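Next come two complexes, and both contain subunit A; in the first it sits with subunit B, in the second with subunit C.
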Partner chain A sequence: MPPEKINGSQAVLLLVITIFATVILFLPGISASYAGQDAWISLLLAAAAAAVIALTAVSLGRRFPEKNLFEYLEIMLGKIPGKLVGVLYLCWFLYIAAALVREYGTFMIPIFFRQTPLVVLAAAGVAATAYAAYGGLETLARANQLFFPVIVGASAVLFGLALPQMDVVNLLPVLEAGPVSIIKGSLAPLSWFGEIFLISVLLPYLNRPEQARRIALTSILIATSIFELSVIGVISIFGPSVTSSYLLAFLNGVRMIHIANFIERLEALLMLIWILSAGVKLSMFYWATALGSAQVMGLKDYRPLIPPVGAAILALSIFNYTSVMDLLNFTATVWPFYALTFELAIPLFLLAVAAIRKIGGKPPCPGR
Partner chain B sequence: MFRLSRTFPKRRQVNSGAAGQDTPEWQDLGLSDSLDKNIKMLKDTFANCSDIVFRQFALAQNEDIRLALIYTEGLTDKNQVGDQIMRTLSLELPAVISGERIKKERALELIKQRGLCIHKINETNRMEKVVDAILSGDTVLLVDGHATAIINGSRGWAARAVEDSVIDRLVRGPREAFVETLGTNTSLLRRKIKNPSLKIETTKIGRVTRTDVAVAYIQGIANPKIVEELRRRLAKIDIDGILESGYIEELIEDNPLSPFCTINHTDRVDKVAAFLLEGRVAVMVDGTPNVMSVPALFIELFHNPEDYYQRYIFSSAIRMLRIITFFLTLLTPALYVAFTTYHPELLPTSLLLSVAGQREAVPFPAFVEVLIMELTFEILREAGIRMPQPMGQALSIVGALVIGEAAVRAGMVAPATVIVVAVTGIASFTFCYTATITLRLIRFPLLLISGTLGLYGLGAGLFVLTIHVVGLRSFGVPFLSPLAPLSVEGLKDTAVRAPWWAMFTRPALLGGKNIQRESPGLKPDPPQKRRK
Partner chain C sequence: MPGKIIAIALLLAVILTGGCWDRRELSELAIVLGAGVDRLPGGRIQLTLQLARPSAFGGGEGGANVIMNQNIAWVVSATGETVSDAQRNLTLQVSRQLIWTHNIVLVFGESAARRGVRDLTNFFHRQAGPRETMWVMVAEGEAKKVLESHSELEKTSAQSSGFLARSRAGFSIEFINFIKDLASLGANPVAARVKLARQGEAQGPGMEKKHKHNEVVFAGTAVFNDDRLAGWLDKSETRGLLWLRGEMEDGVITVPSATAPGKKLSFRITESKTSVKPSLNGENVSLHIEISADVDLEEQQSTENILDPQAIKILEERVAEDIEKRCRSALSKARDGYGVDIFRFGELFHRKYKKEWQTIKHRWNEEFVNAEISLAVKVHLRSMGLQARRSSLKK
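Take a look at the complex of A and B:
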């Protein structure tokens, strides 16, 4: 297998879409239910905290150039404990992938496919992304360069068309919710932002690893700008209380678009955004899971593991939640702590271990 | 690790060695200095070949210096053989050297120096070369007492004249297209690029057909690695015959399993010249007007030579139109099926009512309806290409009236379906023919998946398609560059064409070192601005 390399902008786009896919589904609802019209402040807080996660991941990775998460876990913690933590991370990756499949499946069925069983949609999604995971990171990064303008362009069109429905007064008064609620509202977005931790698997593939820090921060910056616009847009259409009552506030926002009796029902455009971004994110985690499993098991090539990993994602996506309410409840209450353990707690611990045991070279800083 | 190859070992390759049984015995022989022996050898080689002519005569008045001319009838220019070889050797040479006795040893030198009025002469002492020359239309002159044959360039056969291009049509620009003769094709190319850096390397491929294959590139502009890679892939070919460039195409392409063609082919001279100037390498095969060039890029499927001759604003608009028609061809049937079957609620109300009203009486589901009509259209299209020309009118009457009008009147298909199929069909003709046949094929899986999973399936299908296309390479160059991987400078010649004064560089991803195309500051400005 030739060594795959991606450049800085490809990495940024991949990371942005990885965050985007989940956030675009849930975001304003969950944050607004805590922080009301101040959900956008929660989002800013989340972004700031996500920067810490990203920097932790980067400084961990920079100690072990050319090695990804699963490889340096073994160096750092020893062979067996390293593999164990690696397996934990794999479970988490698998969970993210499965949850994504379930979320999209569950939400698409009542909107677009009233009679299609969930497993059919999930299987089609997993099959399509299996092909992407098989193609490898370089292919995915290039495909994403094509998807990104489509996704962002379609979002911008929707935002533009929804402008007549917006009323910025809905955002007032600022800071009504109080700091605690705002922080509570930022937990869920933080856990999604924190999936930027995926960069610890991407690092060895960067053609200029010294850009890693800039890549991580740029991704967060771009993602935050997109989300801020969307959150402000949705809240100023519906106001905080209605927003928090919607499962899929963006969808309802899109449904508000009525222009000239012809430009209406643009859900198809939203579906395009969903499919492409979810496809990229799922492919990323699918690929990372297969790659990580191969490394934990000591295989040279990850490709033979693609079918079993796909089967696991598919099965888990059906079993992991009993209902939509279960999914929402889990996502709002349990998920942030589950995710933050892997995104922040363990990496910080690892960083401390590395510093104390003095393993891993100081990151080389050419040109600085 | 799983290893399929271990469980299912590969079948042994058939005769993996080279040439083998097809190599004739004359391959490695040299000529002898006896004319009779040489002629016997050639006659044995050409036994039962009634088109090979052996003509023996004597030099001037010297009966002892016997000569033999061997050529293939119909492949040589009769006037040249008669006037400029035989006439000069037997009649005109004596006038020049009257009375002088010619020594046998000097005969060859004398013939070469003064005896032949032929523009191109080669010498050889290998049987292989002699046989090749005879079969290629050259005339071979053997002189008694010399183990050397003189090969006279006297090729001339019935060939099609240079005509208008059939594949790429345009309004403004040169009309001439390549023909079946390699020599004519290289000359057409040379007339466009009058520079010694234009290299044309010829090899023979095909054990039986011994077809001339020329590799053309511009030294200093083309990436030497790509030239070398092409030479390597061509050298690997070991096949009995090459009858068309398609044989070679399938043997050297990067992605043999993909429906996408990652090698350009065209019969336009100006297009190939432009490709060479961008640093690409062309492969010309004797016997076909189709010239291939590598590396190919996806975006070129939407390009036409005329884009570079028209004013850039108009060209850019036309290119965007072609990109729209690309998506129309690919998606219209699939979208129609997905919307009418799965997502009627996503259509604006008035449009929905109109379509639903038409489809009410139709006995088929939308998917079957569209599939039938698409297949019918494909049949018509294929019939249009294959049928004898005088039948054209009958086909258009049957096609247009019976299938379009009558099917709708009879309530078999909805008028909207006919519109969808017609739009798809016409749109598919606006861009490069290679793309057309690929798209015709891909349309059907997309139609099938949107008939089973609606828009979601279509989205998933497009996702997979994109992943597939970005993974393709053409001689090491990503097929989708300069879009992915992105190259901003390269974008000047993609969906838009930048004016010539702004396209400073050649496509950098092709990998050539010398990428400067023009000097900066060529943008014309009106005279009054120049005043200080």
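Take a look at the complex of A and C:
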């Protein structure tokens, strides 16, 4: 069905930025509040579990070549139940998009835009990404090829400049937190890593679908390496107790950069990273929501649905939370279970259904 | 064509209206250079701010004379229940919006520090304005007095104390490190101790008024027990503190000559390294501290042959003794005087003995006071300036 095609590396870059955007906001704070200086171990656990999520999504999708999540749900579960589950997934996608808009809106305000109302920032973000979603996946993939080096390059520059502030002994003693705390600390990152489940919508657009498994695992590998460096960096600057006290620990890490009373106040660079990566991630979920809605409703084209979906994202982003505290509480306590239901529980169930009912093509042979 | 016109109009709108909403013009801002926090006898918090006067900062080359005659900074203060409350009360006096992002120093008054600084630091940590890298100091007496002083060499006293802190000649600490010590069970905070001293010599008749005035000077270290000021370290003990925390960056050590009584030699520290190894024998904590330093000969009053390996060895030992003496005086002041670990040894112990730490972390200060401490100092004389031997030796 889809005329658009993206290649393997484009898919990897898209998936990496999709994971990157949320994690770069919250990660060390929430994990360190459970696992202390062992947050980096939590992150490794999360990455390992995320690989399971990615492989589940891929083997599910590979049973139905040329079909995405919403299409094979109907084949697998029957027309009406399939559509119902599809709608649940759409709600979840919408939630992710709205949460992202709100996160960026609320965090930009106290730091960079003290007097601008939230709705203005949110509307600007939604409007810009609406244009991207209208352009379609191929456009997005190409735009992201331009953004990716900027995002990673700026992150690398910040990391390099913060090196003099770092002292890795802050990571000692290793394994002070018990296994339970480390697992607790890995839940939130796992749920963000799990957004790699988006690959189940991307699969039919790959020009070489047989690479799907490698694409998913490479994305997780790249994302994990970036995050490990960042988490280790931030904890070695602040130590575990101060890190866990921060809402946006990366921001404080960047604020610490001062070299020779000259190279300092580089928060603008961080803002560049935030805005670009949030833009890409929002466009992805925006596009996926519009596309999925069209398929559930049986429309040929998803483009007419872009304005209503955008309105829904904007409205939800404002109404979903009453405050930053509400957002943080939800993200730390409820969100992991909410997300893992859609990322792992339902896909595993579907995989079991497919195996028992013997629907779909053969699962990919392990070598590919 | 209409599409192009719309596109150009939109682009112009982006360029011309960008940043208008949150614009902050320099002429609408009051830039905070230094902040002081005092506790008044009733317990109210008094916030004193040193604000830059941008018009006086200008001037350039020709403006030097004008600048001499007007105040560069404006000092205001107000009281409140919290720091934020006091700041709010300040807005009744300051016609411009307060901008904290360029704050250089945070000074706690002595009485505020004695009552505890934990409650006073939160404002500066929670707000996006004040930087983590500002310097923390404790004033002898009132913080307000320190901020009210002015500097002859720099434009404001906040800048001058900031530069003094950055030179690391005395002990100085950035806000974030102060907070880390405050948050740790294995360390107690320390901060620079500042006071006012009459500085400058009158140069010619009629100049007394202008040149004899109070300047901020560094006068050792303020020692905290948890968040309460416990007392001070003098200059010599502060040197010991720097050695023991591994923060010695610069300094001169003067020791008596071995050959000529009454004559002295001065050495400049070029490299230093401190390693502390905690260990546990049964219940007892012991700490082994190794310090190694590289020094250059900077001044020699005596006449021994500095090329003679034997003489070098003796001098190195004398310098090492001096370092050890200062370390011991800092240690004994911290242990016997105040009973607190201000050297972050608890953190080191924690890193090595994570299990044992759980049982002693709440009484680490006692463990530190009773710990067995051994100290080994090694000094290497690396260079001797531009002279190989004294020139004025009469044969």
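The working rule: the second predicted complex is superposed on the first by the 360 of 368 C-alpha atoms of A that agree within 3 Å, B and C clash if a C-alpha of one lies under 4 Å from a C-alpha of the other, contacts with A are read in each partner's own complex, and residues count from 1 in each chain.
Everything below uses one rule, namely that a contact is a pair of C-beta atoms (placed from the backbone, for glycine too) under 8 Å apart; a residue touches a chain by one contact, two chains touch by 3 or more.
Bear in mind the structure is a predicted one, so any value in this text is a computation, not a measurement.
Judged by the touch definition given at the top, the superposed model places A:Met256 against subunit C, while subunit B stays out of reach. Partner contacting the larger number of subunit A residues, of subunit B and subunit C: B. Looking at the shared chain after the overlay, A:Gly125 reaches subunit B, while subunit C stays out of its contact range. In the superposition on chain A, A:Arg142 contacts subunit B only, with no contact to subunit C. Of the two partner chains placed by the overlay, neither subunit B nor subunit C lies in contact with A:Gly8. After overlaying the two complexes on the shared chain, residue contacts for A:Pro65 are found with neither subunit B nor subunit C.
Shared-chain residue A:Leu172: touches subunit C; no touch with subunit B.
Looking at the shared chain after the overlay, A:Ser241 reaches subunit C, while subunit B stays out of its contact range. Subunit A residues 112-113, 116, 120, 261, 264-265 lie at the interface with subunit B in one structure and with subunit C in the other.
Listed in rising order, the residues of subunit A touching subunit C in the complex are 110-116, 120, 169, 172-173, 175-176, 238-239, 241-242, 245, 252, 255-256, 258, 261, 264-265.
Those residues of subunit C that touch subunit A in the complex are listed here as 21-22, 101, 128, 131-133, 166, 176, 179-180, 183-184, 350-352, 354.
For subunit B in complex with subunit A, the residues that touch the partner chain are 1-2, 342-343, 345-348, 350, 453-457, 459-461, 463-464, 466-468, 470-471, 478, 480, 483-486. By the touch rule above, subunit A contacts subunit B in their complex via residues 7, 9-10, 108, 112-113, 116, 120-121, 124-125, 127-129, 131-132, 135, 139-140, 142-143, 145-147, 261-262, 264-265, 267-268, 271-272, 275-276, 279, 283, 299-301, 304.
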